[in-house]
Every structure is written in C-alpha cells, then in structure tokens.
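Shared chain: chain A. Partners: chain B in the first complex, chain C in the second.
Right, the complex of A and B next:
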C-alpha cells in the first residue's frame, strides 16, 4: 500500500470518529496525526469501545494495548491517573487512542467482556498504578510479587526501593494462591488416579526459556486448567524510561528482545524521531531496513531451532546456529557487540556500515536459503515432527483476535495482517515481499510461517542491497546530530554541542505518540508521552510476547504436557520483553 | 611415608585423580534468564563447542549438575528460586556468575525489582564481565575454573566498596589514606611481602 493511500484511509476514519463519536467528547490529534478521544466517564469508555468494536465502518476489533500514566502534575485535568486504550482496526488498519481520566478510588469497567485479552493488560495497570477495574475476573498483581507493597510506576515511588521475599510465589491456579491443603504436594501428588494433580513447570525448567512458569491441573496427562506466572525478569524498564534521557534509554531496548536487538533499537529511535518530526536520510532508512530484516532472520532462527530442540531434534539447532553465528559476526563488525547492539541513535546510526559488510551480507543472503532447504528436508516431511506439531496449540481466527496476538502466530491463525505492508514505514512500500498467512494456527503452521518469512526477509535484503543509496547516514539536524569526534577535539562550539547532547540529552517537544513496527515476534510498539525536556513522562513498551503468553494459558488447555512444550516453543516468548 | 608408617601415596593420588576428573568433566546447569542465556547457547553450539573442554553435558536438573552458570538478570522475585536451586546441587559445586547483571546488577538496572548481584544470596567462584560476555569469555571462565579446582584455591567472597568507602575515595580523607597505605602491601614473585611507600599525591 502506498503511504498516501494509507493517509487517506486514516483521514476517512478520523472524519467518521469526529462525526459520530465526538459530540460530547474531546477529539485531538497526536504527533503523527492519529486521533485521540477523551471519554467522559468510566462507564462512557466501556460503552464507547463497545460501539467502536461493532461499528461496521470503523470496525475497531483489535485491542492493541491498555496502559496508564500518572497525571500528578495535573496537566490533563484534576484527576490523578489517565488510562490509555489503544485500538486497532484489522479492516482499515487505522488506530484510535481512547483516554480516560480517573481518580485512585474510581473503578473503570473492565474490558474483559469485549476482549478477553484485556485481562493481563488490566492486571498490569493495576500492578503498576493501583487502578482497579470493575468486573475484572482476576485482579491480582502480575509482574511484581503478590506481597509487594506500593505501585512502582506512580511518580512518587522511588526508583530503587526494593522488597525481597524469602520464598517463591506459591503454586496457584489463576485467581489466588491455593490454600495449603489444596496444594499438590500434600494431598494430590501421590494419588496416581486423582484427576486433579497439580503440576508446576518452571521458572527454572529447560523448556521454559529461563523465566516462564506454568502451573496446571492435570487429568491423567491432559491439561485441564493452566495458569501462568510471569514477572521473573521484571527489571523496571518503563520506570527507567522516565528516569533516563532518550539517548540513555537506547541501551535498554537491546535488553528487551535480546534475540533481535537491532529491531528494538530501530523501532525506538523511529518513535523518538517521529515525535520530534525528524525524517532520517535515505541511506539510513535503507540501512535500517536491512538490519531489521537481518534481525528478523536471526530471531526466527532461534525460535525454530529452540522449538525443535525442545522436542528433541538437536540437529536443527546445530545447523541453524551456524548461520546465526554468521549473522552475529556481521552485526559485531557493524557495532562491536553481538547481542546488545545499541546500533542506532536518534537521527542516525552509531556507525555507518563497515566496508566489508555488504559483500558479507551478499554472501549470507546467497547461501542462507540452502540452510532453509536443509531444515525443510529435516522437519517438514518428518513423521515425528508432523505428529508432534499438527493440530497442537490451535488458536482459531476469532481467538487470535480476542487475545490480540500478533506477528507470525496471528498470521498462522489466518489473519492477513503485517504492519510492514498495511501501515508502511520507511521504504517497505517500495520493496516486494509476500505476507505469509496460514489457516489453522497450530504449531506446524507457525513453524511454516516463520520458515517462509525468513525467505521473504532474504528477498527484502536482496532488494535493499540493490537499492542502497550513498550519502550521509546522519540527519543534518542540530537538535540530534552527534558531532564528529575529530571536530569535537578541535572546535570549541562543537565540543559544547557534544557536551550538551550527552550531559543534558536531546530536547523532545511536548506531545505523544504510539509507533509500532512489525517485529519478528509481532507488533512492537512504543508509546511515548513527552512533556518537553530530555526525559519522557511515560515510556510504554507494547511487547508482543505479553499478549502471546496470555493466549498460551488458553490454547494449552485440552492438550497433553509434551504438546504444551511444543506450543510454548512455537510462540517464541522472550522473557526480556514479556516482563520488561 | 607418613610418621605412623602408613602410606600416603594412595590417598594423595586419589585426590589428584578426583581433581582431574572434576575439572575435566564439569556438568553445567545453565541458569540463563536473559541475554546471557542466548550466549550460553552459542557457547554450547557448533561454532564454539564447549565439549572441547569437557563441559558439554548440560543438566537441567540441579541434582545432576556440579557447575551452576548463572547468566542474566536475577530479580528479587527470582532470587528465592536461584537460592533453592543452588542448595539442591550436591557438593562439590561451583558457580560461575556470567555477565554484568548476575555479577553486580549491571548498574543500568538499579531499580526496584533487581537483585544487585547473585553474590548477595549465593557464593560465586568466577565472575565473567561483559553485557553479555562473548562465548570466548565464558570458555575462559570455565578454563579458569579448572585452574581453581586444580590448585584447590579457596573461594573468596567478593568485597564490595561500601558507600563510606566510595565517599572517602572521592574526598581523600585520612581514612582513605590509611587504607591506601594498607593496600599498598604487595606480594613479589618470590613470595615475600614488601611494603611500598605511600603514594605521594600532594605533588
């Protein structure tokens, strides 16, 4: 889709919102000209979203995100918190942000009747801000320990105030910790024929990728009820985003999805650039596209390889990791680090591509597809692999929308949605690629979608190499341009400029923006609310893994335990971005 | 021969053999929570191939492992789990703290939910710097651990500078001078302790 066509679509949607929904509500525009609608009361917000969901023209059927920010300075009215709902329409590919100002004692209605996927998002808002939602089925803390006191993202909460607990969160099934007599170890575990055996998997389990934890109730080997406990890697990234300057925060984006750090770097810098109204240079744009597709390949490699490894197919792991190392070596030559790249800066890149990068990349894209052929030969027709993955962890089209899952898993469920094509950023509308769509949404199709996406990424990289223009990598904007080192050492004004950028930070004008890219795992979005100055007022990361893991709780019910392992591997949940 | 006439050859040979066996067949349990976990995988995989040093038998059960590689940020929520796992490993056991997060909380993650280094809850043998360390770094740590096992080196707890120390270091107070004098005692190669003269920072 051309960008102009998309702008037109957005204008039509905005006009419709303006005509139909903004009679007594305030409609404003954000930095990227996307509509924000202020709802008048807690019940009004719920009714509004119910109407928007069933509006045949707008069709806001996809809940992207629920978050909140602290309005302690009173810029958005007298109420203490503002709850922000991000809606998206899979039909028109437009966005709408709905805001609701509330006091700490007020309880907005829970959106779980409309979108079951709102469950975890609302729990996170409760965990971080203490906002309670009326009618929520299970309003408990989600990232922090149940025994934690205080709400970390409130402005008055000190950044470094820790609380430590002597033991792990006890076994529970969803709503609340089980009473001691209900717990498996005393009553159920030794009773082989009991249909209520409770099983805890994780957080330190090899198939749980380090920090995930699932607790399930088993009948025989069938999982009848499952609950996930997350937050074992919650590092307070969003709080740090409010305490660090925009440049300092780039390093944190590396450590969110560490399998494809470049993608996070670029998505974040893109958001800040859009907020400041900077358009980067042509070369920078194409370089960033190459890097994004390269990181998509290495992310998919790790997902497929580890998924196969979890199911015992070790050869795939050895074969694919060779190519991952090749990509790492290239990335290392670009920025000096293998995983945590920090390759981008606001307005440009830390370094331009090294001289031998493009020849190596050419060699990579030429030889890498042979690896895919090899893996297809090993897995796709393999009887064991098909038995283990087909019809396992199914998510239907409707469920996928309800739980707002994103990325390859959404496409495997049969929904044709790819932000690279539908909301084009950079030059994605100028390159040719196919969006891969499945139909069943089982583990096998997710694997196939990922395999084909790697091939498409190779295709995009080939086109990018052909069209890569010369010219500067840095935008010529004195607000963000980091001066050349040689000038810093020789010229006084440049030294002062350099000092100001690094000691004070770049000054971002007041405004807000939600900007998302199609990451390897799905929609990776950054919601930045700036009130001027070098630090953000609210830095929200919309991580794809969060919604994927929530859907896992539901897709795993009815499967066997080994199927749960296969299912989890296929979702590609990265703990760093799940817990942030 | 010992004084009572019994032979000490066999026991000493046994302990040497045990040491040799221990150091060349470390069975690691990777406790990789974040980025370092990916680098642990890289270290184990084809290019770096940790099995060259006898440490490729990855055991995810602490009861079968003897080397705990902690890689990644340990949060306050995760800390009790790590402590339990360490306690479940049978003696003799060693711990490698991989990466800046596990070693010190990484500095950049100084927030309300992160533990400032795993040595607050479990003892550590080898620290690996880096964020994350490259696979060569982890291999180096394992080679160093083999030396530690070979030479029976004592495990020393890490000494962190206190807030007071840091302040003193900045202001060069009398206390800091005294500490500097004390720490100026160095050990030469022939094993003799030698006192160095006080550094003259006034000039």
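Right, the complex of A and C next:
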C-alpha cells in the first residue's frame, strides 16, 4: 500500500468531518495534518462519538486513547482541563482527535457504554488530573495508591513530591477496597469448601512478569471474577516528560518497554522529528527499520520463550534465548548497551552502524529461521502444548475491538490491522511482508502469530540489508544536529553551537502530534503537545500493554488458574510500559 | 503484501500424541549430543572468564588525564546540565594562575567532581556532551560495592590515564 493512499483516505475522512460535524464545532489540523475537533460541551462530546461510531462512512469504531492536559495558562479557552479522545477507524485507517474543555467541577460522560475499554483510560485521567466521569462503573485511582492525595499531572503538583505507604491495598474485587463492608469476604479466605475464595496472585509472583497483581474469586479452581491492580512500577514518566528536555527524555523511553527499547527510542524520536518537520536521511531511515525489526524479534522471543517456560517447557527457553543473546550482542556493539539502548537522537542516531554489524546481521537472519523450525517441532505439533493453549484466554473479534487491544493479540483475534502496512511510516511501503492474522484469539494462535511474525521480520531485515544506502546518518539541520566531536575540539563556532544544544535543549515549535508505530506488543503512540521551548507541555505515552492488561480481566474469567498464567504470558505485558 | 491466516486445527498426527513427543525428544537429544560429545558451548565461566564487550560499551565513568597528570575537565557543567538522572555534582574553582602552564586553555578546574553511580543510568549523555573529552565511560562493568556511600565516586577515584575505553 502506498504512503499517499492513506493520506488520501485521511483527506476524504477530514472532508466528511468538515461537512457533517463541524457546523458549530471548531475543526483544526495538527502538525501531521490530522483533524482535531473541539466539542462544545460535555454531553456534546458523548453524542458526537456515538454518531461517529455508527457513521457508515467514517466508522470510528476503535478508541485508541483518552488523555487530558492541564490548560492552566489559558491558551485553549478559560476552562482548566482539556480531555483528548483519540479515535481510529479499522476500516479506513483514519484518525480523529476530539477535544473537550472542562472545569474541575464538570463531569463529562463516561465512554464505557460505547467502548468498555474506556474504563481504565478514564480511571487514569481521573487519577492524574482529578477529572470525574459521569456514569463510570468504577472510578478509582489506578496507577497511584488509593490513599494518595493530589493529582500528579496537574501543573501545580511538584515534580519531586512523593508519598509512601507501608503496605499494599487489601484484597478486593474491583470495588472500593477501603470500604469496610466490602472486606467481609476476607474471613472466607481459608475456608476450603467456600465457593467464593479470594486468591491473590502477585505482585511479586514469578509468573507475574514484573509487578502485576491479580485478585480473583475462585470456585474450585475456576476463576469466576478477576480484578487487576497495577501501578507498582509507576515512575511518573509522563510528569518527567514535562520536566526534562526532549533530548533527556530519550533515556526514559528505554525504561518503558525494556524488552524492545530500540522500538521506543525510534518511535519517540520519530514523533519529535515529525513535530519539528524534520525528514531524516535515507540511511538513518533504513537503519532504524532494521533496528525496529530486530527489537521485534527480541520481544517476540521473550514472549514465546517465557510463555512456554511458565507452562513448564524449559527447552524452548534455552534454545530461543541463545538468539536473543546474539541480537543483544549486536545491539551492544551498535550503541554500547544491551538493554537500555538510548540509540537514537532527534534527527539521527547516536552512532552509525559498526563495521561488523551487517555481516553479523546477515549471519543472524540466515541462521535464526532454523531456530523457529526447531521451536515449531517442539511446540506446535505437541499435544500437551495444544491442549494447554487452545481455547484458553479467548478474545473474540468484537471483544478485541471493544477493549481496544492492539498488535499480535488483536491480529490473533482475526482483525487484519497492522500499522506498518495500513499507515506506513519510514520505508515500510517499499518492503514486502505479510500481515499475520489468526481467527480464534486464543493463546495458541497468539503464539502462532508471533512465530510467523518473527519470520516476516527476518524477511524485512533481509530486504533492508539489500537496500541499505550509504551516506550520512545525521540530518543536516542545525536545530537538532549534535556537532561532530572533532569540530567541537577545534572550532569556536561549533563549540558555541554544541553548548547551545546541550544547555538549552532542542527548541520544538508549538504544535501537537499523535504519532504511532507498530511496536512488538501493539500500537505504541506518543502524543506530544508542545508550546515552544525545549520541554513538552504534555507528553503522553499510549502504551499497548495498558489496554491488553485491561482485557485480561475479562478473558481470564471462566479459565483455571494455570490457564490464567498461560494467558498472561501470551499477552506479553511489560510492567515498565504498563505503569510508565 | 498478503495476509496469512495461521489458524490451524488438530491434524491426525497430533491426535496420536507420540510422534510429536519423539520429534521433540529428537531435537533435545541432538542438542545434548552437540554439547556433551562435541563440546559446543554457549555459556562462559563468568568470574574466571570475562565477557568481551565492544569499544562502545558504556560502563563506569572516568576522567581522562593529560600528559602532566592533570584532569582535562574544566568544570563547564555541561555534563551536569544534560544528565537526565542528576547524578553528577561539580563544584567549580579557578586554577591558580601562578601554577597554570595551560593559560586560557584550562583556567577553571573542578574542586570536587562526584558521580553517584547508584543514580546513574549509564546513558552516555555526559560523554556525548563533554567538549573537552574529559568524562568518558570505560568498559568496566563490575561495580558492586558493600554500601551505598561507596558508590559515590569522587574526583581522585575517577581520574585515570586510559587508552581507548579501558
């Protein structure tokens, strides 16, 4: 699919929005020419989205993100907060951003009747800004502790203020955990014959991939109800994004999805570049594509290997981790670190590829598929594996759309959506690869989709190696170009420029942008609102794990406890990205 | 660019259970023979045998010295400004003009230069921003200490004469 094609589709959609929905609403364009529609009131926003969802031409059936930003400086009208809704159409692959200005006392209507996936997103907005949503089923804090005071992403909240709590929130099932009458379940906890035993898994359980906590109500061994508790790894990434310069924040992107840090680096730098209107050099583009696919392979290796390990298949883990080590060694020779890469800079890369990188990569892509064949031999036809994974953790097509899940899990549910093909960035429209889908959306198909996607990534890397052009890796733009060291030591003007870049940071023009790439786990998006200067006004990360873990609450119901572990492993939730 | 559907059902062979088990055992046995008979190794004996990292590896910092064993750092505070984790603390001072063979090239010197290695995230921005090639990251990755206080390194500890990255 050509790059111009989706630009055309976006233009058609924008014209339709302009004709039909912008009579009394303001329609503006962002830095990438995507439409932003200002809704007039809190009820208007809900009705507008209901209309857009059922509009047969636009068909905005997918809620990408809900976030907000603080309008304390009054640039967007007199009201204090602006709630931002990101809509996406799976039919036409177009985006629309709807904005709603509200006062702290106003309550916009909850979107949970339209998209149940809005549940956690609205809770996060409430947690961070204190915006209450009318009709929300369970409006509690999500990333912060229940006992936390203040709203961290409001501008008046100090960066380094923190609160400590000595203990965890007690066991509960979705409702308010501090209410005393709810906790009467607790006395049944040790009663063997009680059909409503509450069980706590995590946050420090070895199968809980990081710091995830699930609380479930069991009948025998069947999970009848589950609630997830997150935020144990919350480090305030978004608050830091508003207080660090664009250059400094590259480091923080490593620590989100640490299994594929390169992908985060690239996605973030791409967003800032698009916001500044920089088009990177041809070589940089292809190098970044290689690195993105390499990190996709690493991430899928981790997911498949750990998923098998959780279910007792140790061999798969050893066989696949050898290739992960190989890939990490290559990445280390590129940027000096295995896991926390910090490989990209705005406008280029920290280093060009080392000399032995391409020969090693060629060896990798030649030999790695044999590992996939071996894993297929060990798992795919194995009846134990099939029985453990088939029809476990099922997410139907409709559920997948309702919960806005992305990536391999969405494709395993049978929805043919891949941003690399549908909204191509860099040179993905010039390489040939197949989009892999499943049809049932169970653990087995997620595994098969990931296995096949690794093969497709190898295919993309092969084409990238063939077409990798020479030339400079850095864009020749004095706003972002970090000068060569040898010039800094010898030339006065370059030294002054060097000081200006590092002391002041990169000056990004005012504007806003939502830019997403197809990360290994799904759509990884960055929403940056800049009001000029070296720091962002609002730095929002749309993390795929967040929506995946929300769907887990629902897909796990009806399964056994060991199935829950298999299900969780197949979703590949990375706690660093989930809690940010 | 096509779309592949990977959905599949039980085949007859999989229903019989045993062929797949033997296939799996064959792969495991092959690996066992590779390791046990032909001594194909994938691991290293770590404390005795060290892993060799590339020249770009970002390990513990050091401050490079010139030919007179005086640090190259001129306390311009660029690394302290750019550090994302705020782990560098520099106190600048003037070099005594009477004992300064460099003239204007090194008028300032760091009175103290502390790096809190526990806070540090080893991103390499300090090295990238240094206009004097003074602060650098070595290839030393064995940084364990017995108390947190020991992990705050001062100027005397950091000053090293190193070729390449150590």
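Following the convention adopted for this analysis, the second predicted complex is superposed on the first by the 571 of 580 C-alpha atoms of A that agree within 3 Å, B and C clash if a C-alpha of one lies under 4 Å from a C-alpha of the other, contacts with A are read in each partner's own complex, and residues count from 1 in each chain.
As a working rule, a residue touches a chain if its C-beta (ideal position, glycine included) is under 8 Å from a C-beta of that chain, and two chains touch if they have at least 3 such contacts.
Here the structure is a predicted model, which means the values were calculated and not measured.
A.B. asks: Counting only touches as set out at the top, which of chain B and chain C does A:322 meet: first, second, both, neither?
C.D. replies: both
A.B. asks: So, A:383: does it touch chain B (first), chain C (second), both, or neither?
C.D. replies: Touch partner of A:383: chain C, not chain B.
A.B. asks: Just to be sure I read the superposition right, which of the two partners does A:204 touch: chain B = first, chain C = second, or both, or neither?
C.D. replies: first
A.B. asks: Scan A:164 for contacts with chain B and chain C and give back first, second, both or neither.
C.D. replies: Only chain B is touched by A:164; chain C is not.
A.B. asks: Considering only the touch criterion stated at the top, classify A:252 as touching first (chain B), second (chain C), both, or neither.
C.D. replies: After superposing on A, A:252 lies in contact with both chain B and chain C.
A.B. asks: Check whether A:33 is in contact with chain B, with chain C, with both or with neither, and answer first, second, both or neither.
C.D. replies: After superposition on chain A, A:33 lies in contact with neither partner.
A.B. asks: Going by the contact rule set out at the top, does A:436 touch chain B (first), chain C (second), both, or neither?
C.D. replies: Second partner only, chain C.
A.B. asks: In the superposed arrangement, which partner chain does A:340 touch: chain B (first), chain C (second), both, or neither?
C.D. replies: Both partners.
A.B. asks: Mind working out whether A:232 is in touch with chain B, chain C, both or neither, as first, second, both or neither?
C.D. replies: first
A.B. asks: Overlap the chain B and chain C contact sets on chain A and report the shared residues.
C.D. replies: 251-252, 254, 319, 322, 340
A.B. asks: Residues of chain A touching chain B in their complex?
C.D. replies: Residues 143-145, 152, 157-169, 203-206, 209-211, 231-236, 239-240, 251-252, 254-255, 258-259, 302, 306, 317-319, 321-322, 324-325, 328, 338-340, 575-576 of chain A touch chain B in their complex.
A.B. asks: Any idea which chain C residues touch chain A in the complex?
C.D. replies: Where chain C meets chain A, its residues are 1-8, 10-11, 13-15, 17, 19-21, 23-24, 27-28, 31, 42, 53-54, 56-58, 76, 78, 81-82, 84-85, 121-125, 128-129, 131-133, 137.
A.B. asks: Taking the complex as given, what residues does chain B use to touch chain A?
C.D. replies: Counting only chain B, the residues touching chain A are 31-35, 37-39, 41-42, 45-47, 60, 72-73, 75-82, 84-85, 108-115, 131-132, 134.
A.B. asks: Quick check on the complex: what are the chain A residues that touch chain C?
C.D. replies: 1, 244, 247-252, 254, 315, 319, 322, 332-337, 340, 342, 350-351, 354, 374, 377-378, 381-383, 386, 416, 421, 432-440, 445, 448-449, 451-452, 482, 485, 488-489, 495, 498-499, 502-503
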